[in-house]
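Here come two complexes built around chain A, the first alongside chain B, the second alongside chain C.
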Partner chain A sequence: MLPGFSYTRPETLKKAVEELKAAEDAYLHAGGTDLLGCLHDGVFPAGKVVSISALKGLQEVRKLSDGGLLIGALTTIRTLETDADIGARYPVLSQAAAEVASPQLREQGTLGGNLCQKPRCWYYRGEFDCLRKGGKECFAFNGQNQFHCILGGSACYIVHPSDTAPALLALDASLQVSGPQGERSLPLSELHVAPNDDPRREIYLEAGEIITAIKLPKPAAGLKSSYRKIRARQSWDFAVAGVALALVMDNGTVKDSRVVLSGAAPIPWRSQKAEQALQGKPLNAEAAGLAAMEAMADARPLEHNAYKVPMFKGLIKEELLKFIAD
Partner chain B sequence: MPENTGEHDCSCGKGLTRRGFLSTAGATTALVAVSGRINVNVAQAAASEITSEDMAKITLDINGRQQRLLVEPRWSLLFVLRDRLGLSGTKVGCERGECGACTVLIDGRPRYACMTLAVEATGRKITTIEGLMNGEQLGQTQQAFLEEDAYQCGYCTPGQIMAAEGLLRINPDPTSEQIATGMSGNLCRCGAYPHIINAVNSAGAKKRN
Partner chain C sequence: MADNQKDLYYIKDLPVPETPAAGKEPEPWDKTNIIGKRIPRVDGYERVSGTAVYPADINLPRMLYGAILRCPHPNARIRKVDISVAEKMPGIRSVLTNDNPAAKVKWQWAKGHEGPLFDPHCRFEGEAVAAVAADTPQQARDALHAILVDYEVLPFVIDERQALKSGAAKVHPDGNQVKKDSYSRGDVASGFAAASVIREHEFRTEAELHTPMELHGCVANWDGGSLTIWESSQGVYAVQSKVAATLGLPLSRVRVVGHYLGGGFGSKLQPGKYTIIAALLARQTARPVKLFLSREETFLCVGNRPPANMKIKAGVKQDGTLTALEFIATATGGAYPAGGTSILDWLVRDLYTCPNVRCETTDIFINGGPARPFRAPGHPQCSWALEQIMDELAEAIGMDPVELRLRNVPRVSQGRGGIPYTTTGLEECIRQGAEAFNWAEARQAASRMNQAGGHLKRGVGMGSCVWFVGGGGPPSTVIVKLFADGSVNLNMGASDIGTGTKTVMAMIVAEELGIKPELIQIENADTGTTQYATPSGGSKTVPTEAPTVRSATVEVKRQLLKMAAEDLNEPVDALRFDGEIVVSTRDSSKQVKITDIKQLNKRGVVIGIGYRGPNPEGKSVNPFAAQFCEVEVNTRTGEIRLLRFLGSNESGRVINRLTYDNQVFGGITMGIGMGMTEFRQFDAGQTGKLVNKNWHDYKLPTALDVPLQMTSLPIDLPDPEANNSGAKGLGEPVTIPTAAAIANAVCHATGVRITSTPLNPLQVMSSLANSRRKED
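On to the complex of A and B.
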């Protein structure tokens, strides 16, 4: 049985923002698959649950007049996986969605919730008073850290659990956010909080703010994209290592690229070093190998996760080379 | 020492099958008096908040029957199905969306009842393993699991069957790969997987014929 909480399910966005703003211990419920798990495991208490599942208009997937795509925050992961337009124009996103959790959870989990989900570190989810939960130390640093980060760690060493976030970052997505001050647009690259900025916070949303939609720009001519994830077991699992690629190709040459890693860092990790290694180069084994090396240039593995470094190198190189075979 | 004669000692009353007993018990539990305050219908939770001490009046559409219930906001659909309605076919496993024992169909789609608040299931069509029966006859997917011997201990079986049913309703003729993916949210600790896959194949064939 979950600990008690009060519950409200407003029918307007304005009311939802007000309800969320009104209590400090209020949490949004979209599909509930992450929130209820956290409450069940006592990761944090919720005094109040504000369900946004009755809000209209947040489920739509709509092509924009500029050729981009608007994805309502309540769109399920399953819709992302199966939408034909997404599959054709943004394969990295449908491939990432297909890798998320299990069929049941993909039916229920939403894109907004997937971007805002809490970390999966076993100390954070377990009965440890860890730094992220307000305690003094990160237990992973000197503990069981085989699935923890190799890049971007400091103070806290989680990996970001989302598969959709790296895909959306590779596509230069932005978020539409509604809050007490009205609407604003936020690049997805500015949503997630790195632990050296604040190890107790995952996302930069202000009190009462709700993501209403995710916007993708029109795919550039020559865009090729893909997502690949390695996990410890085949049925369902979070990424041990993953890579979202979006390359703009021009006659076999890389005009522009995004290389974003999952399972690597406390936030979805854009590797600008790998991107620079590809910039303006013909896409061949040499360029792919160099980009893979560069992606790992700053890696600082912990005691039990050094295996991830060669794993990422192989993964990135292999995925890049698939674009040549196409 | 008195002999345990089973049938005579049974407190469930003569002339009632176990299933019949459970659904009767369920109907009474739903009406049992409750201690908390009774709040407005959850449809009006838009206007007012249901506090943690309140009970919300909700109606759930379960296996085609409208069930009127009083629920606390924190109650999962799983808890309500089993402990308020006596529909104990849906099993309790991990209660954190990892094992699939509690799989039910919501609007025809497989979902975890442990990860769904009862107040969130209003206005949806909920189908449990009991809802696959044709009277006292097993439904086609259930029958296929029986014929293919697709279980050992049987605990995960209702969830497996509901996942299979959900998969086949969405995709009536799945490939082996689609079956493996479709069933990947259901764990079987006995490891009956090969038989489970056979059963899904066979259920698909039964439904197509």
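On to the complex of A and C.
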């Protein structure tokens, strides 16, 4: 059952910011696929729900004059999946979008909500007074952690649930944010909070702040990108292990690269070690294998998730090699 | 109805089966007009359009909503329940706890295991603690949050593998062993001594949780001292008897209705505490009460397929003759006796010819939700062990897995002391299935591909089975009413649990009378208006009800002939049906249209009553099956792709090919769930609570987890001895060998034998990584 809360659906961005700022226990409601689940399951209470679904300005997808792309925060995952321009220029994003949840959820869920969604840890979502919810301990650390993180864990051992975030990180996306203080721009890499910094917070947005759009730079010449996800069943499931790749190729050599993992860490996990292993190298089986090894160099599996290490190695290698086959 | 429309009732110029004399069983059908065809469901329109009223759809005037507060701990004693706040909340009409005299009812879990309905000692997470009835479902749920319970949290055990160790918490004072069963024939020691090859392995299958689409629950309403319950149920008479016994009511005071059911799979063969609680809340408030569980509650307390730990040892001669089988298993039905090891060893005892067999099964208590029957109880677990060890043996003696099984096909039920099966299509299931699947070529092609290297490996695997029962049997009573215009009402107690029972039974009537199945009105699953039937389970509904329906229809025909004899002035035994007329075999000018028969028109109705006769003595009636599948394993990532599946089934006569194939595909899908995606996860070592009680974390297979290519191959072998319809059960054998067939295919692909379910990428990756480590 949902808790009692007040509901408002402002017509302007300014009003939405005000409404959001006015109450401490106010939550933004975009598609609601994540928020309503959390409220229903009693993960956290809400006194007020501010819907931004009336803000048509947040729904546009527009090519920018510099060749980049602006994606309104209310753009549905389905649009990302099917937009021809995105498919052609940023395949990693449309592939990631296609892997999200189920067709119904992709139709309803938005990109802004996807980036800001809450963790899917079964302790966090269940009747456990866990650290992230204000309790004393992380139950996953000594508990059932087969779906938990192998990188970046500390105090809390969730994996970040988003499929689109790693894809956008690989594309060096930035965010446009509106808040009581006006507008600001924020690299996506600075949105998510590592548990090391604060295990009770997921995103660095201040009270009253709303993501209005996601900006992608123009794809570099020679950019190849892809997203692949392994899951425990084929639909309606989060990543057990996933990788977003964006490689700038020059004559068979890797000029620049992004290797970002999903299902690996409490935040979308950029593996600079893997990127360094590829830097300036011809893309071949050896380089791919080395990058895969490097991506796992710092892995610290928990009791039940050691399988993720060989899985990520296999996955990263396989996905890199697909670029050669092309 | 206009006369020309009435003609539509009859299938023109098609003979209907002969009518046997009184007291004689009808002959097996020879050529059939309707039976065996693909006939859409008679209630398809209602189900798809939403006009079908499921119990969860029932809305009565002044109806209240019930909800149950459940214990959040695996083991706890209740010190105090404080309802003072909840009672005063808006819309709250009744709050029941163990302190309330109105709730002093005993609930029987099993013989010798009775306790208060609201037991102050909660032995599993999800046990009922209190209940409320309110004006709205929201008020009811809110009130639950306001009930304050003081629990003394007790030590618990949630893993049957730990439960018999010294120092384990005791679920009941007498300890955690429910029972130990053993079975043996021949002498396994000498059997193993005679073997050329022996293989031994430990296998485990994880618990599967019941979570059918329609939630568990009911609507209860009192009218004076009479109680009516609309329950989502597989058997209204089973609900009636349990409710009457629990509340101390005569059967005539309890009417149970269950016209539609949104999935049961064994978990709705019986009522739950929720049924009794709804009845008590309705009595307290003198208003109807609707009480359906939440999705989360179904994961905790409506049953499961018990997890099983199985050690199996098998011996074979070089020529493929099995010499000995030994099977030692433990399992758990939860906190109360609930058949944790029920028929867990049956396949070992009965499936393959083997003179020396020893089985030992131990049922163990844990602080977990009690089991309920789950599609083919015990069998898919046993199959997981037996079919994998069979493949190991085949490999060890260099024989094809199909060939090894064909060498060991029994003609008699060894588990029943060697009595013959009425019919057995096991050999044909395996032989024809392998042929239709292109087994031999597919195996070779896969091996060739795997030898060529690469990280994508192909594998082809199979398994076969017998199902413990599936012959049905008495009792059942069915009434067929033929109206003056020739149309029919079929009245039977059995539930249609989604398998198409109504359609199949309409086809039986239609076959006998020559009328269209969709013009038969069906009234079923209501203890007030239909006759006694056992619940739909055990794959026995078709073999139980179909012959009963046929007998009732034949009785109608006998009476019609008698009436026509008067009209035509001919002896009864000279008359026969010819489509819509009754005609004399001595003089074909003597004929009368059925709808013109005088007595029929005068009375307005002819009633035939059918009773289910006994099964053949000294024989066993069982269905058989085999399944074949091809997989692709990504050895880098542990992902398995199911490429194709074939299920061949021998369930006697095929009655409706559409509903038949539905069962086959549904059974394979469910087997994929057990084999690849489903598991119950307790928070072992910490709180002991269930961590995956929702549809995301408890992973049922989705459409994308099922192979595009699925084939159903019926071995249509009418069984004249089984019953007068020639049909045996189908609903359970279809899911028995699925998981094992996948495991065998994965082993064929990778060379790695994975002994625990589920075969998800987590498990496959760890197994592959472990085996690589061993090789290095």
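By definition in this document, the second predicted complex is superposed on the first by the 325 of 326 C-alpha atoms of A that agree within 3 Å, B and C clash if a C-alpha of one lies under 4 Å from a C-alpha of the other, contacts with A are read in each partner's own complex, and residues count from 1 in each chain.
Criterion: contacts are C-beta pairs under 8 Å (C-beta built on N, C-alpha and C of every residue); 3 or more make two chains touch, one makes a residue touch a chain.
Source: prediction; values computed, not measured.
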item: Which of chain B and chain C A:Lys281 touches, first, second, both or neither; value: neither
item: Touched partner set for A:Lys133, first chain B, second chain C, both or neither; value: neither
item: Touching partner for A:Gly32 - first (chain B), second (chain C), both, neither; value: first
item: Which superposed partner A:Arg9 touches (first chain B, second chain C, both, neither); value: first
item: Which superposed partner A:Trp236 touches (first chain B, second chain C, both, neither); value: both
item: Which of chain B and chain C A:Met1 touches, first, second, both or neither; value: both
item: Contacts of A:Tyr123 with chain B and chain C, given as first, second, both or neither; value: second
item: First, second, both or neither for A:Lys255, with chain B first and chain C second; value: neither
item: Chain B and chain C footprints on chain A, overlapping residues; value: 1, 41, 102, 234-236
item: Touch list for chain B against partner chain A, complex; value: 42, 45-46, 48-54, 56, 72-76, 79, 95-97, 100, 103, 106, 109-112, 114-117, 119-120, 163, 166-167, 181-182, 184-187
item: Interface residues, chain A side, partner chain B - complex; value: 1-11, 15, 19, 29, 32-33, 36-37, 40-41, 48-49, 51, 53-54, 78, 101-105, 107-108, 234-236
item: Chain C to chain A touching residues, read off their complex; value: 72, 137-138, 141-142, 455, 634-639, 676-677, 681-687, 689, 691-694, 696-697, 699, 701-705, 760-763, 765-766, 768-769, 772
item: Residues of chain A defined as touching chain C within the complex; value: 1, 41, 102, 120, 122-123, 125-128, 139, 142-144, 146, 230-237, 240-241, 305-308, 310-311, 313-315, 317-318
